[in-house]
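Here come two complexes built around subunit A, the first alongside subunit B, the second alongside subunit C.
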Partner chain A sequence: MGGMANGTDQAMFLDPAIRNWVLFPITVIMVLVGVFRHQLTILMAGEPPKPDAKDVRQGKALMRGQILAQNSAYIPAAALAARKQYLCQAYEDGEYLKNKASKDQGPANLMADPKAMEAMMGGMKSQMMGIVPQTLIMGWIQFFFSGFILIKLPFPLGLRFKQMLQSGITTPNMDVRWVSSLSWYFLNLFGLRGVFALILGSDNSADGTRDMAAMGTMGAAGQQPGQPQDFHKQFLSLKDSLAIIYHEWDLANVEQRVLVKYGKQSRLFKSSAE
Partner chain B sequence: MSSPLELLAELRQSSERRPLETLKLAAPVLNTGAAARAGDDRWLVYEQVFVAAIDDGDMDLAKTVLALLHKQFDGSQRVRRLYGMYNDAAGHPEAAKRLYDEMLAADETNVLASKRLIAQLKAQGHVAEAVGRLVEYVDTHANDFEAWLELAALYLRQHLYPQAAFCLEEVILQQPANHYFHLCYAEINYTMGCLDVALKEYLRVVELSTDNVRGFYGVKLTADRIRELRSRPKKEQPAWIGAAPQPAMLERLAQLATERLVAAYGGAGAAPKRAAEAWLSE
Partner chain C sequence: MADASEIYKHFEPTVQHNALALSNIHTLTSWGVGTAAGILGLTGWNGFIFFVACWAAISGLILGVKCGGQPGVYFKSGAMDVAGTPMLNTLLSYVLVWTLMHALVYIYD
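Entry: the complex of A and B
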């Protein structure tokens, strides 16, 4: 039979009850869980921790050094030299550090600083909130509906989609257009982002995909957002880059530039003093 | 023709302090209920009108809009600062100070409150104390170039030119392309007698801002003075003279400045033109 060969007109009929009691419930529950999570995140987020003056000072001091390194050409050599000397010394002595005494202890102990602790807890809370419901729903679907075929897509697809659309079902000959329940879950997980953006605004925390990414990296010892920066190290490296600045005043040949600009001279000459 | 709301927004953007204009523009907005239609922008307009009303001494209007703001944003630090400003304007600086101190106690990084306290000190004539507070402030908020500029102005009041020059250098580091800051820096250097730096900075001004009159006057003045210094005996010459431009270059620069200044006054009336020419040909 030609029909079996190309697999396009496999005669299979789905019970309407599957649509009513499996397809729609999964979708609806996924949306509801997303909305619930969004609200819960808002509820638990609380106030972001306020930096105190010393935090601000530390950060701004770093910024000042960076700006100096970047724009050093715009001030005279003497002005740069004074700043360089002062900032290098201050950075080395940890003058701007929040805890000046602890500069040699390396990265501060996380548990010692209540603010860092709070930030870490916040990150963990939101991660847990993402992972727990998704895991529950996935377990629920696998438990009740494994092996279900839910819908038939209205367009043909290549064989490579078989794994994506029919996970949990091992029927090698079935047309790829049939979608299994577990796959429908995953399609929803990734596809509902637009719906959430529509009903909760673009900055919502209902989206499950971010947590999937978080789950992947959780084991890795990467720079986590809650981890405090080691300012002393940053100051020291900034000090090094300040120390080797090559200063050439932007105004060294400004006389000639002005003469050229006002049409008194055709081009710039090498020597500034002519 | 832009609508009053747009003009008000422009004034806010440029943070120009033009209270009379603001009040004139805002009057129809406040009276006809156009403010309600402006959406969330109306709170910004109210704040703007409040400050303008205080500048103009219209305390009733200030009180009205302040009440509106207070009703909308109860407990907002920004509105509390406005209350402080109201107290300042109404002649109760102690009450205002108490409020600012409270705000700082709640959040020591509150920029608005610290600035108001410094402004109070400045207004009461305690310049030295204001300088102390402001130095503390820029030590914490090193990237606030407006504060550096204010500090420079306070130092200038005390005739502390090297300190003011230092502040201007910080400002220029952060805003290197603004010709006005270069102009201030040039003028401070001129006053201190660092004519070599002043000349270069004046030149930078006219490079950034074509035909800047103040810049060209500076170029002319400094170039002539350096030439005059060069003609003196060696002992009387300052140390930097070796690095300064040669007389020929100074001559050319002075000539250029004269030319552009005469051209700039070409469109003006006869009297200012004559005055300018008389000064230039001295």
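Entry: the complex of A and C
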């Protein structure tokens, strides 16, 4: 079998029926379940909830302030000053808030806002979508396909893995390279990610390992998701950061930059305009 | 010069398109290379050396022919994005196919 003169090389041949009825079915089932999960996730995501005009206005007003802060270098100083003054005043007065009257009351109760509730349920649904199929398939494999050797790995592993990979088979001397169906499941889990990317495009929901990683972080971040944003506080903090912006005209030393770019001047000098 | 120019440096849809194309190339070639390794009967370290050699050859081809020698134009992190980061993912795919083909040819009757 490959002509290796290894003293402990155990040459065994397996029944082709195992190949037909275990090896291929496991792989095919995993691919199909992955595709099914992807389509189901798309189906269950449903329509995004229709946003209220006032909600959108809140968010966009915040974005406008942030964009101004980011791009302050590209407009003249007078324009920046005018925008700054208008926006700071508006944020202070709560012009853009959804309920202008209740601006000092703090964040709304989560349960009272139906839209936030729906967003939370959607998150939980997609998490369930990830965990359940993996658990089901693992249970199915362990129920039906346990107690026999499925395949031989072409590469050696340490003895510690023997217990995990040969689960259910009590032969102490068999090479670690002979493994059971559960390890074939793990191989497929990691190896089929490329195939899913090929079939389903890049942001597919068929990836089992991504859910395992998500489960790890779920405990830490799971407490956060539902808090509604307190726009009034955000407006105020944005107003503070806007107020201290210093205008740096991007065109201040543009003539020097052009000269440097075309090699007529060796480097930038500090100009008196800055 | 404002720091904001960094944000507008890369056009996001093209970046994603390039990443997907690269991923497809890696998947298809890893299946081909894995099949070759399995049929050839490579085991142990030989299989991994074969993978590294083929990975170097294929990355060289991608950089030379597809990127025209300038990976920085097509990918955010240049050559590292092409040859370094996807290596682990492709290795897992390769091991799957290598195990499968090796078993089909040598283990089953």
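Structure notes:
Convention: the second predicted complex is superposed on the first by the 164 of 274 C-alpha atoms of A that agree within 3 Å, B and C clash if a C-alpha of one lies under 4 Å from a C-alpha of the other, contacts with A are read in each partner's own complex, and residues count from 1 in each chain.
Quick note on the criterion: a residue touches a chain if its C-beta (ideal position, glycine included) is under 8 Å from a C-beta of that chain, and two chains touch if they have at least 3 such contacts.
Source: prediction; values computed, not measured.
Shared-chain residue A:Arg193: touches subunit C; no touch with subunit B.
Using the contact criterion defined above for the overlaid structures, shared-chain residue A:Ala45 touches neither subunit B nor subunit C, since it reaches no partner.
When the two complexes are overlaid on their common chain A, residue A:Asn71 makes contact with subunit B and with subunit C alike. When the two structures are aligned on the shared chain, A:Leu32 is found in touch with neither subunit B nor subunit C. When the two structures are aligned on the shared chain, A:Leu159 is found in touch with neither subunit B nor subunit C. Judged by the touch definition given at the top, the superposed model places A:Met124 against neither subunit B nor subunit C. Of the two partner chains placed by superposition, only subunit B is touched by A:Arg57; subunit C is not.
Put simply, subunit A uses residues 71, 74, 250, 257 to touch subunit B in one complex and subunit C in the other.
Contact residues of subunit C toward subunit A in the complex are 1-2, 4, 7, 16, 19-20, 23-24, 26-28, 30, 37-38, 41-45, 47-48, 89-90, 92-93, 95-100, 102-104, 106-109.
Those residues of subunit A that touch subunit B in the complex are listed here as 50-53, 56-57, 60-61, 63-64, 67-68, 71-72, 74-76, 79, 83, 249-251, 254-255, 257-259, 261-262, 264, 272-274.
Remark: subunit A residues 1-2, 4, 12-16, 18-19, 23, 27, 70-71, 73-74, 151-156, 187-188, 190-195, 197-198, 201-202, 248, 250, 257 touch subunit C in the complex.
Of all the residues in subunit B, the ones that touch subunit A in their complex are 107-109, 139-143, 166, 169, 172-174, 176, 197, 200-201, 203-204, 206-207, 210, 243, 245-246, 248-249, 252-253, 256, 260.
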